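Structures given as structure tokens follow.
Below, subunit A partners subunit B and then partners subunit C, in two separate complexes.
Moving on to the complex of A and B:
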């Protein structure tokens, strides 16, 4: 293995890493907001909205992210929608896909809080909003957070699929380095280690939250 | 009348649970509902608390009509309820369990709310445990916090739904003790219970429910010593000899 040639290409890998982190952070924020919104609305069983939201969740959860990314990026070009860069295509695709999965985590968390808690709140005269914010949500979050972090670890790794639409994230840049220095195993190993360095602290965080929930 | 329920009917998934129940509760009265499981006691209580909606019948609680689950003026804690499983908020301390509705519903300032809450907790003998979380308390203590939570709202009536059924036998006394104190202080109470000794000593009136109806009612001495209905005799025989 030729480490010096890898070091010579570290600029490309580093820029890929930065873009992976950038895409991950924005997609985590956007998909969490979307997932919370959809999940809470579904748990509230808003009439009329339920079917639409369910269709969204089933569709995006039930088809591969790779297909969705290709569809969004090339579909936008096909219908002549300008401004859909590889970055925006990747961000929109990841947000819709991960948001659908996150919404199920949020919904399950809210539904895990016993109905009796809402009844106790109602008898005390607490309104819908106060009950949700002060009674249901704090209990639901204990269930939601470990699962959500697990999902976000997946999201970080899923950003690698953005390589296929040409977004220069870590895998995409790794491919460039491979074609430069012809050391595929070394480069892929380096990329894998970089993903691990991002994801491992998240999985430790998830474990701590899980333990706290158990106690 | 604090509670006036007239000809209440209720079915769950086509199965009738209440088949025309009429009951009135006067100010300061302690009414105990007894009867076999499935006789409709808890459902009646939950309808009075507006946690279930009656299919038919009229309901007036604390001067407010409940129609189709809607109250013309919100109860805001004027109808207190104590549940079998306590239903404390597990993420809040005992004190915060009591203050939550005081600050959010009664709009008391934090310091005022804490004062009222401490007084309520002291009343149930838990003035020292305000900082404890529900999981750190025994079942009996949790239920007493739940009673304090209801009391702090200055309810006109408190409904007890098998408040001691989930407790270990040695913890029942501390909860029925608090309930007796409340009864002695003139609190209006409607109590669903299987504690016949408590029903007999603490109540003004006992209603025996059977198959979705009130089969027999009267002062405790009459119901327990001279029940008129064969079904009441059978029931008492079963529970008292068990």
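Moving on to the complex of A and C:
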């Protein structure tokens, strides 16, 4: 294997890594906000809204992210929406898909809090808002956080699908480097190591939170 | 400009191609699922082994594959292996990468399912003087299977949806076929809408079927997708028509044991 050729093109890989991190961070923020919003609304069982939210979640969870990205990115061009860059297409697709999955984590967290907690708050004369924010939420977060971090790990890995619609993130740039130096194994393993360096600490973090919750 | 119905008819004309793509999607997923189940069982056994080397190898396997993207693993199998002298077809590379990836997740699912069986159950097998094999097959395994059934079905659906990535190595599965039909008809919205609906139908069919099996095959019936009230009522109505396994056994053996 020719290490010097890899070192010579490390600039491309690093710019891909930066774009992967940039896309990941924005998608994590957007999908967490969307997921929390949808999850809490579903847990509150708002009549009429429940069915729509459930259809949203089932649709995005039951079909592949890759096809969703193709649908959003190329579909936007098809209906004549201008200004949908590969970055915006990837960000919108990731947010909708990961938001649907995150909403299930938030909903499960809220529903894991025993009913008696709400009843006790009512007896104590706390209002709906105070009960939700100061009684239910802190207990729900203990359940939500480990699952949510696990979800963010999936999200970082899923940003690799943006390569298929042409966003120059890490996998996309690896392919560019491969076409330059023709060392596919070396380049792909190097990209794998970079993903591992991001994801493994997150995995450990999720495990620690999970253990803390269990004890 | 064509009226809307014409653009749909244009895409529906390619239904045989979509369905042949779907067949490859299902084939790849089933083969990968069976292989990954095997890998998961071996991996879980290795992670619980008393030999350090086996535990270490299984841990490295699980962490390496769970902390890198599936797409990258598919590329390593398809572009990387031939470059180091291992020629491999798109079908083999794709199925293999899916299987090895899911195997890492199943290792953790199966290990977790076995470890979730309460210690008291093991203690009871000692008191009853069961052999290690009997204790595992008759006490631990049935409970572990119950624990891992829902996440294993979920993993199968993940394999099915993940197989869409194999379009990136030119395997003509459902997503790959859709891209081809798109490049012919240029009806992007319609083409990918058809693909999305086909994936939704298959993934929901698997999950429905698995819930029915779960209600019927486990005692007490396993509740999956318990969030959906209408679905629960429906499966209860269906399973009520099927004689339960206990009743069948009683009828067959002439009297139950309890």
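Methods note: the second predicted complex is superposed on the first by the 215 of 215 C-alpha atoms of A that agree within 3 Å, B and C clash if a C-alpha of one lies under 4 Å from a C-alpha of the other, contacts with A are read in each partner's own complex, and residues count from 1 in each chain.
By definition in this document, a contact is a pair of C-beta atoms (placed from the backbone, for glycine too) under 8 Å apart; a residue touches a chain by one contact, two chains touch by 3 or more.
Everything numeric in this text was worked out from a predicted model, so none of it was measured.
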item: Which of subunit B and subunit C A:48 touches, first, second, both or neither; value: neither
item: Touched partner set for A:83, first subunit B, second subunit C, both or neither; value: neither
item: Partner chain in contact with A:191 - subunit B first, subunit C second, else both or neither; value: second
item: Which of subunit B and subunit C A:74 touches, first, second, both or neither; value: second
item: First (subunit B), second (subunit C), both or neither touched by A:122; value: first
item: Touching partner for A:134 - first (subunit B), second (subunit C), both, neither; value: first
item: Comparing the two partners subunit B and subunit C, which touches a greater set of residues in subunit A; value: C
item: Residues of subunit A that touch subunit C when the two form their complex; value: 58-59, 62-68, 70-71, 74-75, 77-79, 153, 157-158, 160-161, 163-164, 171, 174-175, 178, 183-185, 188-189, 191-192, 195-196, 199-200, 203
item: List of subunit B residues in touch with subunit A within their complex; value: 49-51, 74-77, 79-81, 83, 85, 87-91, 100-101, 104-105, 149-150, 153
item: Subunit A to subunit B touching residues, read off their complex; value: 114, 116-117, 119-127, 130, 134-135, 138-139, 142
item: Subunit C residues touching subunit A - in the complex, by the definition given at the top; value: 63-64, 66-73, 75-76, 79-81, 83-84, 157, 161-162, 164-165, 167-168, 175, 178-179, 182, 186-189, 192-193, 195-196, 199-200, 203-204
